[in-house]
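Shared between the two complexes below is chain A, which pairs with chain B and chain C, respectively.
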Partner chain A sequence: MLTILRDRKRRFVYTGLAPILLLFSLIYVYPIFTAFFVSLHDWELLSKTHDFIAFGNYLNVLRDGVFRRSFLNTLYFTFVYLFFTLILGLGLALFLNSLKKPFQTILEVIIFLPVVTITVAGALVWKWMYNPSFGILNYLLGFLGIEPFKFLASPKIVIPSIIVMALWKWIGINVIILLAGLQSIPEEYYEAAEIDGGNRRSLFVRITLPLLKPTLEYIFVTTILAAMQVFAEIFMLTYGGPGISSRVVAFHIYEIGFRFLKIGEASSVAFILFTFILIVTAFQFRIFKREELY
Partner chain B sequence: MKRLITLLTVIALITVLSVAFASGKKSEEGKVKIAFLSHTYEPWNNKLQEQANAFMEANPNVEIEYSYVMHADLYAKMISSLEAGTAANVIGVYGPWMPKLVNGGFVAEAPPDVVKDIENNYADFGIDAVTYNGKIYGHIQHVGLRTTIINPDMFKELGEKIPDTWSGFAKLADKYSHLSDRVITALEPAGDSVVSQWCTLLKSFGGEILTEDLKRAAFNSPEGLAATRTYLKLSNPAFIGTDEVSAFILGKAGLVMDGPWARTFYEDSTVLERFYSTIPPKEKYRQIASYVWLWAVNTDATDAKKRASWDFVQFLSNDENYLDMAKTIGFVPFREANIRDMSEDMWVKGFAEATEYAFIYYERIENWEEVETVLRRELERTIAEEITPEEALANAETGINKLLQ
Partner chain C sequence: MKPTVFGKKVIKTIVFIIIAVLFLIPFWWMIVTSLKPPQEILLYPPTLFPKEINLRNYVDIFKRVQLITFFKNSIIVALGVTTVAVFTSTIGGYIFAKFSFRGKNAFFMFILSTIMVPLTVIIIPLYMMAIAVGLKNSLLALIIPGWVNALGIFLVRNFLASIPDSYIEAARIDGCSEFMIYLRIILPLLKPAIAAIFIFIFMANWDSFFWPLIVIDDVSKRTLPLGLGLFTQAFGVQNWNLIMSATLVSIFPVLLVFLFFQRYFIKGISLSGLKQ
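So, the complex of A and B:
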């Protein structure tokens, strides 16, 4: 009797879930398999023949110096961006947490505003600010007697300049998440530690950081995922230039797929990026899980 | 009871949807609906919409749905919609995209009446620009020649005569490179137009991009090197994108290269007192790189739609509308009658004169976009002082030869 009931329940659950699973497969799973299928072919958009070339596209991509540079640029962008997201995000969240309302709310809104601003519009404003001749940044630096920077035109500082813009755009979301994490730590823990003679540093190291760890882990994982796929900022600010100085993998996919129409090769780059992100994410989960055991 | 209510709701919904669908269909019965796609540029979009409205008024059986996408997105949008079979009927296309579209059978050959109109009324350069494999495939909307725009007051202030050679400008640029508030010349250092502007210099110095059989790069030559070195002096790495135009509009540059479509940018300047477009300076030869933007008709449509599309394209390109577009937006007139009509217009005049020295800078090969990108990347790198001009030309040569094989 119990088994029959359990079977009925299971059937009911599966039937209920079927439409959404179907939709999920259609939107997420089917394109992944299609992209993989396309990546194994010499597939050009607008072309009628698509020869099977197995892993030919993958080999071409790995041998391509422009892809390798794009990949290194992506890693550079990701790790520098991640570092500053964590440091600045945490710093701002701690600062906001120390404020009283309504100042806290006002600053929260100000910091969060860029997140809801359209990236394209934000990038255009930053492009003007970065302008070496009539941009406000060089104008302000001029007061300090500093020579104008070619923010977006110098291969050496172009990626850091884009990182600054990306931080302005996205830091707000991480600050809000970290602030929520900070506010969920019970006050009693701090009071008890203070009675035991804990100073501000030890409170931060022994209470705030450990209890904020799940939030930090979440930000760590999502920031890496987002940064590895950065596109709009690059597209709007530099179009990958000068030369290939700020070219990233997502831009590389766009260019070979939608400008050169080599969708097979673009799919193979997308798969390489997908695999890399998958490995990095799995590795992070494993480390975080292991650390939580003690 | 619950079941009955559900059943009635479903029946009601189906009825409402069917009635709405049927009435929608009824209102469209007998009408030919044309989708029309271009990129965004507000003054141009407004004018095109105005002309489309006029066409619909004159042809009540045709409905035109005009849409535009960001300039940088147009190619991707066009290609993906062609691939999906959902492309617009009339599409604005850049010349370098045409070989792929023509060879793939995606754009229609012009019907005899349109061919006759183009052959009878267009300048030779225009006819050549829309001809692929010996057949005409579209109507020119505008010609993208970037000639020189001069701010004479800057040269006057410095007490210098405006040079008539590229080397002359390079010498002046060198002489005044210490100035922090202005530049003598501002050719594009990075972006879409680097290659076309550099090609103007290359041809002017006597160089060529590709060999005659289109199988190898030909620019890694003494002429190519001289042109590149001069280009480095004439461009300022600080001006990314269209910043050089902004610099000119703010009175901070003495010379830029720009296209006729940018008329309103310059005319709206509150800083510039005087400026004019003129034929480009000369080195060995006077040459100016150009491309065309044309209206093409998608083959994937019924005969009625295709006919209506050609009629619409023909309407956009008739004497009256072409002249209106040239006067308001600034495009170079390509109908011979319009060239005469516009001879007094100071902005268009310079461009019209420059057409005499115009050449189509891209080769009609399917992977031109890739070839141009390789060249552009290396030129940008040398302008940004990452590599030497010799390295840039050698790298570009290797990359392009690989692509052409």
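So, the complex of A and C:
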């Protein structure tokens, strides 16, 4: 009886798990090895032959000014976006947390509306609002006495303009996650600390922030992972322009891989991005771990 | 000087309104623009409210763009991914939560580690694979890569950890087959987790742009983001009213569903935190 049960269980585990593991291998693992393999070749998408050139693509890419600019743009976008996601996300979550029930839900829903809006659709509205001649934003800023901007046409402020759009689109997710984090902190902690004579700011630093650490860590990782790959927003708002002022790594991969069909070079770019993401996240985990000692 | 209770309330109300307005301006501008006739688009200063309610753009846009086709394709793709992904996530999560077998931890870590693999890195090999198996320019190419989801498996496993084993053991003694236990006992227990997984996978695929952009060639096979994103490139400034009406039509169905089920949406999407 028992052995029959054990065999049945084993059969269930293996028949259930085999297709799942196979799919994960085909969709994630095999492509990584393929990407690395392709990146070592002078490989054109439609040609039959490809020469092995070892790290030739990597050397070319690292020397290429367009790639370097795309990479720096991606870093700039990612870290400014991450900074504001954390600051504004925390601010909005604290504000929501201080509201009473119907108002809290109403604002929560409003902040979340862009999240359920297709990114392409969101980018289109912002492109129209950013229009330097007929757009609403310059007109509204005029009331505050602010000179008109060339939002998406100016090399200097094009990336900040895209960041504003991306924050509007995505911050809702992080606000909701942070709000859930705030609400899971037991009220007694604050009461106890107040008796000990802590003021508002010290309560925030001594209780709220440390207890929010796992939540903040999660947002760190997911935001960096997403921002390093930003694509739809760039494609729709600027197509990497003006010139290459808002060109990012994902867009660079798209253009050299799928427009110029140089997939060997594009794969080496993809691999540089992958390595960088892994290093940043590993480093991040170490920072958070070290702080836990205190 | 300490602010009074009344003063605090006033400040809170003002902050509330400012935040709400900032988040809503794009939606309001979408609506206003979509109601304007072409000549009003090029007026400066822009009119903040439409002079008249003009629904012509909404009629025209359906004649000029295959929005219905795009919508249908998006539904097929999102449901084709989500139904299978819910199945693999629940069965995988159940196996990792309630069975012990050799290599369990290694397999689980292997699956979890795929969360760190960015789409941008594997998109070229996926494209080569799609060509090799003849799935380029087909909706199936958009569907299959989403059939397994590490986060889904992870959530189900955590959810089931709190369910006592004796519950399952009793059914086993009664002679239920393993698959029946999954179907009759585990799945009903998982309803809240399934709702969350369903929503975050559906939404991620609904929004997907990069992968469809490179894999789909025919206009008739475009999904909503792709169709919306590419047709507008052929339009000029004077057509912003049409673009905005198409945009509004595209986001309206999901926005409506969201307003009805906002609690589930907020929970489901915040659980993922990842955009595709």
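As a convention for this text, the second predicted complex is superposed on the first by the 274 of 294 C-alpha atoms of A that agree within 3 Å, B and C clash if a C-alpha of one lies under 4 Å from a C-alpha of the other, contacts with A are read in each partner's own complex, and residues count from 1 in each chain.
Going forward, a residue touches a chain if its C-beta (ideal position, glycine included) is under 8 Å from a C-beta of that chain, and two chains touch if they have at least 3 such contacts.
Nothing here was measured: the structure is a model prediction, and the numbers come from that model.
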{"item": "Chain A as common anchor, with chain B and chain C clashing or fitting", "value": "clash"}
{"item": "Chain A residues touched by each partner, larger count belonging to chain B or chain C", "value": "C"}
{"item": "Partner chain in contact with A:S47 - chain B first, chain C second, else both or neither", "value": "first"}
{"item": "Partner chain(s) touched by A:F134 [first = chain B, second = chain C, both, neither]", "value": "both"}
{"item": "Touching partner for A:E255 - first (chain B), second (chain C), both, neither", "value": "first"}
{"item": "Touched partner set for A:P155, first chain B, second chain C, both or neither", "value": "first"}
{"item": "First, second, both or neither for A:P242, with chain B first and chain C second", "value": "first"}
{"item": "Touched partner set for A:F274, first chain B, second chain C, both or neither", "value": "second"}
{"item": "First, second, both or neither for A:I224, with chain B first and chain C second", "value": "neither"}
{"item": "Overlap of the chain B and chain C footprints on chain A, listed as residue numbers", "value": "131, 133-134, 235, 254, 258"}
{"item": "Residue numbers on chain B that touch chain A, as the complex places them", "value": "72, 75-76, 79-80, 82-83, 100-101, 104, 106, 180, 189-191, 237-241, 243, 246-247, 250, 252, 367, 369-370, 373, 377-378, 380-381, 383-384, 386"}
{"item": "Residues of chain C that touch chain A when the two form their complex", "value": "12, 15-16, 19-20, 22-27, 29-30, 33, 41-46, 48, 88, 91-92, 94-95, 99, 101, 107, 110-111, 114, 116-129, 144-145, 147-148, 150, 153, 172, 177-179, 182, 203, 206-207, 209-210, 213-214, 224-226, 228-229, 232, 237, 240, 243-244, 247, 250-251, 254-255, 258-259, 262, 265-266, 269-270, 273-275"}
{"item": "In the complex with chain B, residue positions of chain A that touch it", "value": "45-48, 66, 127, 131-134, 148, 150, 152-155, 235, 238-239, 241-245, 254-255, 258-261"}
{"item": "Chain A to chain C touching residues, read off their complex", "value": "5, 8-13, 16-17, 19-21, 23-24, 26-32, 34-35, 38, 92, 95, 98-99, 103, 105-122, 124-126, 128-129, 131, 133-136, 139, 168, 170, 173-174, 176-177, 180, 218-219, 222, 225-226, 228-229, 231-232, 235-236, 249-250, 253-254, 257-258, 263, 266-267, 270-271, 273-274, 277-278, 281"}
